[in-house]
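So that you can tell them apart, the chains are marked A, B and C in the order they are listed, and the count of residues begins at 1 in each.
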């Protein structure tokens, strides 16, 4: 079965320009620097990483909110990498995005009914106001909002409710793919669970494929079938849920998992946390060869900083880009979710 | 005597929409060298209570503050503004969530550190600078002598938070309050900062209050935890107890709704239905009752106070259910039973239906 | 930074060139009196007009005229001679520039001395009487046109016409000398003009600073400053005002740049022989060389002050780097 989306050698550089009138390019933010992966229909794919890793840029590239600098994106076998806006328009019905900040991603001057109903108008599905209203109210119920609030403005809703509005808008035209870019990061803990459950339920009801972008590994573990770990514009590890959380092979994945504070005081005391040294380098000037080598606890001079590791299958099935992947002993002492 | 003792603290704000009861009768204490975690979501009052300990709520003209805050026996609320100013930054320090916006963008960090030191100590600028460099080294900033001339925007997020910690500890405070110190940071940087805070606490024997919504963070670093909801503490206990034998439905709700790395993947997240209440129009009776799966008719009328749990004086809960029922409920929840099911099994009278889902 | 400054100076030359070209073209496109006719005086005969036209070089084609004009500037720093009275444009401008400068600079001092404290106090005492009175007066000062304010000022306070004899009136500006050569004789005649000129600016700056300071005081670093135990005065001035005042520098530069090119209305009401008056008169008399001269001077000041402001800003805000 062909994947829904195929990404090959995707690159996105944002040029940095200086100069008042005649602008010269003095450098580039290498946000995404050559990534390849597939998205299978019906699955939930997680993309995790910290700030500057390129995950949000990847989300925008897949849905063609940005145009790639090079590389290809294929949707159902069709290359959409450089389609024009006109050509992309019908595809937008199939690919939708839920954004992170429920406070700024809704137009504060439009009513909820208008916001959720817009997709119907834009794609010419339902121009009749009365019928559209019914469709919108059904959607509101589906996401757990009171349909009587149809005419309210965003500021009258809480963060969690606004996020539901965003979800309702995204699923209005029954898309095939929903990209959720940090959909719960800005919400209170007890509300996060509501939205996550909503997404899972909708996925089941509508047969959605979800790409879930997050930095919170606990949430990703709960939601995703397969996970891509990104660092400075590259995918460093790609594995399914069990593989990644039972035995992460890339030292960065191990460090990420080790760093997550676990709500269990006993585990916290037993675990030897893997604390990385230093900060994430700038994406305008990434380190040569393996980008993680400046912070890697397993760094070997002369190898890791000279030869870039390629993504290859490692022990247990994980695909990782590392010359010295984590051994089972290292994992056991540092990672709380490791198989006992 | 405890280092910090807060007794029945109330902070109400007069606004055009009514009186906002941000903190509504909060009591807790912190001993020397101890770490207390205050856990709550937005609107729980956790930040306001700590700002009040620092004396920073006095700057709001519409604030009404009552109760007692005793630092080494001295009542801070009765202290004059000038007395409070002398304590701030020297006996009690605070660090905040966003380190970029919390440092003045126009001044070098060395100057900002020196300012913090010379406000409270009579030393020369050179001496203060030496101390600043020493502090930067202590918090793990490489090449401190050189970096002391840097501006905040030249540092990364984690480094800036270290600078904030250095500034807060420069005058050897007895108490450090950290308000969401790691929320704005990446996970790996968060780990660094938590490790730093733990290490410094051991080395300097400073008492710490950590305010956060992240249960994982408090599990790592604290000795005791206070859970806040709608301006009150609803449960307070040693950290191990909060995670192994919690007795408040809100605490159960929090624990049940977070995704955890140490739980099997298939476990459902059980959200707390509804949303936090308005602090102007608090619910009648128990503030949590509209969202509580175990609510009974009486809970709408009677407001529970924080009481010790029978047989465990270090554990306080504000809940009208009796402790036997609570213990049974927790055992069921821990085993994976859904709240409604647990309620039925325990045999709570069905005099009030469970709350409806979400926001309908 | 140095390359940045050099680049800006190069751009300045380009801009001045463009501006002079534009002025040239506009001058000839707009219907205006024929300067030759005006120069010829009463009962001009066609031959006289023609000969004057030839003398002034007006019978040559437009590009040629422009080219000759440019040559004179670059080679001799000669801006031509007034069509009106044949006086060198350069000397006219240099004579009058100090008058405009003294008006502008004095006005700046007054409006900063008034506007900044008022802005700060209004922000600190927000909502209270001091704030309301200050902002109310500011509104009046901004709304009142300068010439109205000037005439009212003269009517009320001038020594010769006014009800209360405090300030020197219009026409009292000395014929010889200016503020820099004869300060004690000149200064009193400028008191009222300074106040009138500064009124609306002081109001604008006060409101602007108030708004900025209120915004700054709710920033996180102010909370940190208080948490450090700093005295409130230090918090307000060293941390608050320091941040709030940097945008003021930007607009100050721009305002000063514009004023140095001539404060036409104020100069007219108070009869001060400045660049503004010169520009106004020469436009009316279609005196192109003088018009060109004043336009170029005004443009020069605006551009140069823009550059100075940008450089100063880089010193004030370390996040800005060229």
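Methods note: a contact is a pair of C-beta atoms (placed from the backbone, for glycine too) under 8 Å apart; a residue touches a chain by one contact, two chains touch by 3 or more.
Predicted, not measured: the structure shown is a model, and the values here were computed from it.
Ranking B-C and A-B by contacting C-beta pairs places A-B first.
With centres computed as the average of Cα coordinates, no chain lies farther from chain A than C.
Between chain B and chain C the centroid-to-centroid distance comes to 56 Å (mean Cα coordinates, whole Å). Chain A and chain B have centres, each the mean of its CA atoms, that are 30 Å apart.
In chain B, there is no position where the chain touches two or more neighbouring chains simultaneously. Listing the residues of chain A that touch chain B in their complex gives 50-51, 144-146, 158, 160-161, 188-194, 196-197, 215-219, 221-223, 241-242, 245, 255-268, 273, 275-276, 279-280, 336-337.
Only residues 219-221, 223-231, 239, 242-243, 246, 316-319 of chain C touch chain B when the two sit together in their complex.
Those residues of chain B that touch chain A in the complex are listed here as 41-42, 156-159, 186-192, 194-195, 213-217, 219-220, 239-240, 243, 253-255, 257-262, 265, 268-273, 275-276, 357-360. Within the complex, the chain B residues that touch chain C are 54, 56, 59, 85-90, 93-94, 96, 98, 101-106, 115-116, 119-120, 151, 153, 164, 167.
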